[in-house]
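Two complexes follow with subunit A in common, the first pairing it with subunit B and the second with subunit C.
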Partner chain A sequence: MTDLDAATRDALAELLLAVADDEFVIGFWDSEWTGIAPMLEEDVATSSIAQDEIGHARALYELLAEVTDDDADRIAYGREPDAYRHAALLNHRRGDWAFSVARRYLYETADAVRLATLARSSHEPLAQLAGKMRREETYHLLHAEAWLRRLADGPPDVRDRLADALRQLWTDAQQLFAPLGGEELLVTAGILPQPMAAMHAAWTARVRPAVEPIAGQLPDASPAADGRMARSDDFRWLHGEFTMVAAGDEATARW
Partner chain B sequence: MSTNERIWEVFRQEDEGDPMVHAGNVNAPDEELAMHYAREFYGRRGESHRLWIVARDAVTELDDPDLLKPPFDRSHKKPGGYIIKHKLEAAKQRAASEAGE
Partner chain C sequence: MVTAGVQHLRERRIWEELARISDPEIPAISLVDLGVIGSVAVDDERARIEILPTFVGCPAIEVMRNEVRERIGALGLADTVEVEITFQPPWTSERISPTGRERLRQSGFAPPHIGPTIPDEASGLDELAVLPIAECPYCGSRNTTLENPFGPTLCRAIYHCADCRQPFEQMKRV
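On to the complex of A and B.
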């Protein structure tokens, strides 16, 4: 890491934190389905995918901890809610099954674009990790697409719920490509091989034709500078859940 | 979801060239989700080289006892149905005496 100047290193840390927090928070939201998914097999599949996402977050936090000389657990569990940098898409609570499917589809398609880009990063550890994550995310995406089609082809009330969720989440999903403060430095250094705006264009071109037949015409929406800044009450509740053990007092805890 | 679920039998192969062994089954509404669930149940720990996922209703079953367990003695269709010990001994003795000539 010594070959990066301080400003570029800060920008890399910002990028890693954004991706790690996305994976971490969607993993925790989807783990809320454990035990209550529509059928036993789906319960296992959803829980396993949620676990994969938290595993990816862990690897990214470890990479970040090397860059900032910090501790991965402290980054994951030791921050106040306002210090998290996940996209607005992940501010919403689990919702019903159609809502979770809609969110997973929007997320996985965006993540596929992002990982394809990061796998070409000039920052070798990040390129390697993104390559490994892609192998697992391929399956996550297939799973999300299977459910999207299934609900879209379902009875009218199912289709309506899915369409409502897609409309509700559309603007917040754009924020997965919210511009980063030090983005220009990252692009110049090849750490981020293409700007967020270019990734956003690639994602939109793929996703709009897939979801508009279900949800109707969706509004023009763009990533916003504060797309990763606002924290919701839903997220504050989740934060309380996932930090509960780390924040607990070991001396008085009873297991 | 439960109205159109089907049962899928899953077979797994541990390594290339190994026999496909019945692993168990999963419920799934269609082939695509059956594949995902089979992967989760019988492949997610890296324990399988290959999976076969077969709709149970695509399996032709034969369990007719008249065909599989016929009532008459079928011991002549098994190697153990022949008592050949004394024949073997006689053959050995004959071979020994022929060699000694």
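On to the complex of A and C.
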């Protein structure tokens, strides 16, 4: 990483942290379905997806740790809730199945746009990792699209729940493309081959025609500068869960 | 200082040993046939082996790393054995050897689909085609359906054969 100046390196760290925290937090929310999903196939599927996402987060935290000379486990488990940088979409607790399907659809479609961009990054380790993640995420996207259709074509109660969840999550989903502080430097260096705003436009063009027939017309919403800053009580609870072992005292732990 | 010839022999010896190490999750296939060995390099001081994980979040990576370090260390060809985990180049299912595909089939796994990826004009990247049909490893039928693209491990999907009425797993294409 010696070939990057300090400001560009900081901007790269900001980008890696945002993507890693997104994957990490959605992975933990998905893992909440293990054992209680509505059908056995979905128990297996959500658990598998959660394992993928947390694996992606780990690989991204490791890249970040190289950039900032830190430790991946410390970054993952050693921060206070306010230091996490996932998008507002991931502040909400698991909710019901329709809510999880709505969030997963919004997330996977956005992640597909983001990974297609990062796979062309000039930062070679990031490009290679994003290219690899992208192939795995193909299966997540198929899964999310199939469930969106399945619920949308379901009985009125099911369709209503899905529509409510899509409306509730719409504004927060935009924050997956919240501008980064050092974004211009990243774009100039080719580390981020296109700005967040361009990715946001590509995502909106794809997603609106798919979700508006279900949820009705959705408001004009844009990514906000603080879209990755606010933390919720739901997330504070999840943070307590996923840091429990790391924060525990080995000497007094009971298994 | 070792000569190029000696170095070549040592590398070959390491490849032979790696071909005897099984994948921890599908023991019928070796690490070499699975295509997860990225490179092997050796001199007097150290042997260096690169492993390319099949899936980024594969929990068997550490098991592979330890097994390789131990088995190659036991050959006594170098003072230290370094095992690096890398995504450069990324593992894809095209890396599985023809022998590996046959071994998968013999142990009840349909091997991953082979075929062209679909170029996406907008991004300039290839899209992965996921097919709903796989060849049944038990009876060879293609009258099969994809039951769940997610299975007991990250790299496996679940299918059902309508002819021999068996569920079976496929190692996923990635």
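As a working rule, the second predicted complex is superposed on the first by the 255 of 255 C-alpha atoms of A that agree within 3 Å, B and C clash if a C-alpha of one lies under 4 Å from a C-alpha of the other, contacts with A are read in each partner's own complex, and residues count from 1 in each chain.
In this section, contacts are C-beta pairs under 8 Å (C-beta built on N, C-alpha and C of every residue); 3 or more make two chains touch, one makes a residue touch a chain.
None of these values were measured; they are calculated from a predicted model.
Enquirer: Clash or fit: what happens to subunit B and subunit C when subunit A is overlaid?
Expert: Aligned on subunit A, subunit C clashes with subunit B.
Enquirer: For A:Arg135, select first, second, both or neither according to whether it touches subunit B, subunit C, the two together, or no partner.
Expert: second
Enquirer: Could you tell me if A:Ala11 is touching subunit B, subunit C, both of them or neither one (first, second, both, neither)?
Expert: neither
Enquirer: Just to be sure I read the superposition right, which of the two partners does A:Ala165 touch: subunit B = first, subunit C = second, or both, or neither?
Expert: After superposing on A, A:Ala165 lies clear of both subunit B and subunit C.
Enquirer: Touching A:Leu151 in the superposition: subunit B (first), subunit C (second), both, neither?
Expert: In the superposed model, A:Leu151 contacts neither subunit B nor subunit C.
Enquirer: Kindly classify A:Ala116 by the partners it touches after superposition: subunit B alone (first), subunit C alone (second), both, or neither?
Expert: Only subunit C; A:Ala116 stays clear of subunit B.
Enquirer: Identify which of subunit B and subunit C touches the larger number of residues of subunit A.
Expert: C
Enquirer: Considering only the touch criterion stated at the top, classify A:Met39 as touching first (subunit B), second (subunit C), both, or neither.
Expert: After superposition on chain A, A:Met39 lies in contact with subunit B alone.
Enquirer: Quick one: is A:Glu124 in contact with subunit B, with subunit C, with both, or with neither? Answer first, second, both or neither.
Expert: Second partner only, subunit C.
Enquirer: Using the superposition on A, tell me which residues of subunit A are in contact with subunit B and, in the other complex, with subunit C.
Expert: 41, 44-45, 48, 139, 142-143
Enquirer: Would you pull the subunit A residues touching subunit C in the complex into a rising list?
Expert: Against subunit C, subunit A makes touches at 41, 44-45, 47-49, 51-56, 58-59, 116-117, 119-120, 124-125, 128-129, 131-136, 138-139, 142-143, 202.
Enquirer: Flag every residue of subunit B that touches subunit A in the complex, lowest number first.
Expert: So the residues of subunit B in touch with subunit A come to 1-2, 5, 26-30, 32-33, 36-37, 39-41, 44.
Enquirer: For the complex, which residues does subunit C have touching subunit A?
Expert: Answer in residue numbers: 55-59, 87-92, 120, 122-125, 127-128, 130, 147-152, 154, 158, 172, 174.
Enquirer: Would you pull the subunit A residues touching subunit B in the complex into a rising list?
Expert: The touching residues are 38-42, 44-45, 48, 139, 142-143, 146, 150.
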